[in-house]
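There are two complexes below, and they share chain A, which is joined by chain B in the first and by chain C in the second.
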Partner chain A sequence: MINNRALWKAWLLAVGVMVPWNTVNAESSSEDAIAEYRAMFGDDNPAELWLIRGKDLWQQRRGPKNADLSGCDLGRGPGVIEGAYAELPRWFADTGRVQDLETRLITCMTMLQGMAEADILAVRFGDGDNKSDLEALVAYVADASKGHAVSLPMTHSQEKAAYALGAALFYHRAGPHDYSCNTCHGENKKRIRLQAMSKLDDAKGARDAYTHWPAYRVSQGELRTMEWRLQDCYRQQRMPQLKFGSEVAIALTMFLAKNAEGGVMAAPSIKR
Partner chain B sequence: MRLDSYPLAVMIVILWSQAGAFARANEMSASDVTTALRSSFVAKGQATMERLQQDETQTLCTAHARHPLPPEVAEHVSALNRVTIKPPANGQYLGDFKRGEIVALSGTGLQSSDDPAKPAGGNCYACHELAATELAYGTIGPSLRRYGKLRGSSKVTLEFAWGKIYNSNAQTACSRMPRFGHHGILSEQQLQDVMAFLFDPASPVNQ
Partner chain C sequence: MTDPMRVRATLMGDRVEVKVLMSHVMETGQRKDIDGNIVPARYIVKVAAHCNGREVLSADWGPSISKNPYLAFRFKGAAKGDKVSITWTDNAGESRSDDVAIA
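Moving on, here comes the complex of A and B:
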């Protein structure tokens, strides 16, 4: 019931929000339209559909090992999801590397459930009827960090190295357009077309942005994670395809998360 | 070495190596970044792995991104880019403003998801205000409203604007604006059309 109602509202409001955009006056911004859109939803967010599915996926016995994910350690102990996302990325002793939520979930699904990484990655981003289990699990786990302040351990040398790499990457200019992350995210209160941009190398901008991912993207009709956001930024930077879970993806996530330290998680949110 | 100083020497070596590791963890060398980039991307469509390779301008602008650009670096970057600017072969700076408007509105081109057979856009509206009728404009760059009307179209003014669009780094080292002519993002004809969009008295920019 709630599923149908949320879906119906999502569709209705997605159409509704286009109207004010088309007749927008110079003073109003996309932020106002999005704020209005969120207000119309009240407590309903289509992300709820992903969240419910993610909860099922977490609790169901699945894969060749017929196991649920209650043994999955996201950093706060096996099976603990409360506040876990607000402490990621972090270094994990069993894999010996720094992992974000997406890559850590893949570790759990392969190790505990015996699934093949290639099969999981084949549907890393959902598309219409072909929904992603990973996006659903991310929605479920991230939701359990709502209200928690971002607080990374940042004690392991690999965590510090990931942050330093992320910082260097943020300003790295390349490609036919000379773009870096900083080209568009170097100042607060600037727009691209009508989209307000955040300065992501300072606390305010990073908190505004980071605490609202993952998000239900109205324009895509899908719930998207930080891994999706970063690879789409690089696509727009005219760069080659960013690999899922790559060193660059983890490092930039670490840079954004650490800059957002202290910000209160409000994801999954609704975005354009 | 006296036997009792041996533990001290070991200590110093350990501390030294730890300090090195700490410094490495907090500062990335350009080669560390290059290695990470090479292992983290795959070519897709027209977005090849060569795009990860920086030219001298990109290298210098990256190295100085977090603090004000030293004047000597700014002058060097400007000089590097100034020599790349080619005036239009037919001597005409102004093309068709209507076609120029299409270039200014289009944000696609050169992305891994774009068809390389189709012409790229200039995406001017992403960052600039231009025609009064287009309300969805960005604010990263300055407003170009009534560009030609306010400045006239003397040869010097036309050359200035052509140079800015052809290679923004010639006038402003490490500008955030792409080097549309130098990198071949826009064709010479498209550059002429965008120029007309800015300067033609009949262009919506100048209404």
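Moving on, here comes the complex of A and C:
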């Protein structure tokens, strides 16, 4: 007869080993489900609808100056969108400041097309029929960086300063909950409900997150950008509203983008 | 003013696989806006697909279909280069048609 105690111990060991393994995987099973969901969409990401509109907006003559955006310099020369998003934020000589894609597009729309900044900002985040031209243009430009590696040489002193500010802000605790970005994004393998949190001051974490924005956010039914993501983080922390295109928003984007350097752009992607 | 659909049609063996991404709010009529007023219902009620003069798909939709609907279907009896056209009509009477050549 088999030694029951030995068998019992072996069985306990087997179960004991299995249980923690399953618990660890429970956190990532929701991510696996989201990854499967993404794979099912394949080429049919609803972000394509924004790409179609963005391309139109870039090529159409619009605004009081009746001009298209072929003269818009996103850092690689006028009209060059290929790989441009992967190199933003960066310093621009004509405005004398570091800009992210959204603020740079506003510069182009106001300077080249004569549009009013207030009008553009009034619909910075779309809602159903109330469509955002900025979001469509961001989708179109970001798509032209798909496959490109994020590259931020940060040769200009203002670029370095923006990164330093971003880093300081990342760890700075404030607001009624005394949260910082680091509070939620400071450790690996953490989640809030079923949303996984990347460690964003880490190359791998930053790459996973940064290379997938802008994205079609299914829960919003809209294409959302980095500026949206940052202001939504501030809302979730119960901080004062983050001003669109502010020094803070650009500094945080610079921090994340630089940390994500080398990562391959996969935007626009799809998210829950 | 309707936005264009993204239509793709590929010949796979003897079947054509069609994938359509429609741009539509698909408002159910149950949601309230920030002032507490009901956001009026506006959703696609009819979808039809035609190829070579015959209707290959007909669908009756309602408010349960989500925003920016994605539709994929297969049909037989067409060749490369034939045109597939998709038409949607919503409850407000708006309509949109887009087509693509089978690749």
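Here, the second predicted complex is superposed on the first by the 243 of 272 C-alpha atoms of A that agree within 3 Å, B and C clash if a C-alpha of one lies under 4 Å from a C-alpha of the other, contacts with A are read in each partner's own complex, and residues count from 1 in each chain.
Basically, a contact is a pair of C-beta atoms (placed from the backbone, for glycine too) under 8 Å apart; a residue touches a chain by one contact, two chains touch by 3 or more.
Small disclaimer: the values here were computed from a predicted structure and weren't measured.
Ranking chain B and chain C by residues of chain A touched puts B first. Contact with neither chain B nor chain C is seen for A:E82 once the two complexes are overlaid on the shared chain. Applying the stated contact rule after C-alpha superposition, one finds that A:E117 touches neither chain B nor chain C. In the superposition on chain A, contact is made by A:E48 with chain C only, not with chain B. Contacts of A:D202 after superposition: neither chain B nor chain C is touched. In the superposed model, A:D178 makes contact with chain B only, not with chain C. The interface of chain A with chain B does not overlap its interface with chain C at any residue.
Taken together, the chain B residues at the contact with chain A in this complex read 21-22, 24-28, 32-33, 36-37, 39-44, 47-49, 51-54, 57-58, 61-62, 65-66, 110-113, 125-127, 135-140, 169, 176, 178-179, 183-185. Chain A contributes residues 24-26, 157-158, 160-161, 164-165, 167-169, 171-180, 182-184, 186-187, 190-195, 197, 234-236, 238-243, 246-249, 251 to its touches with chain B in the complex. The touching residues of chain C, counted against chain A in their complex, run 3-4, 6, 8, 19, 21, 23, 25, 27, 66-68, 70, 72.
Residues 41, 43-44, 46, 48-49, 52-53, 128-129, 221 of chain A are the ones touching chain C in the complex.
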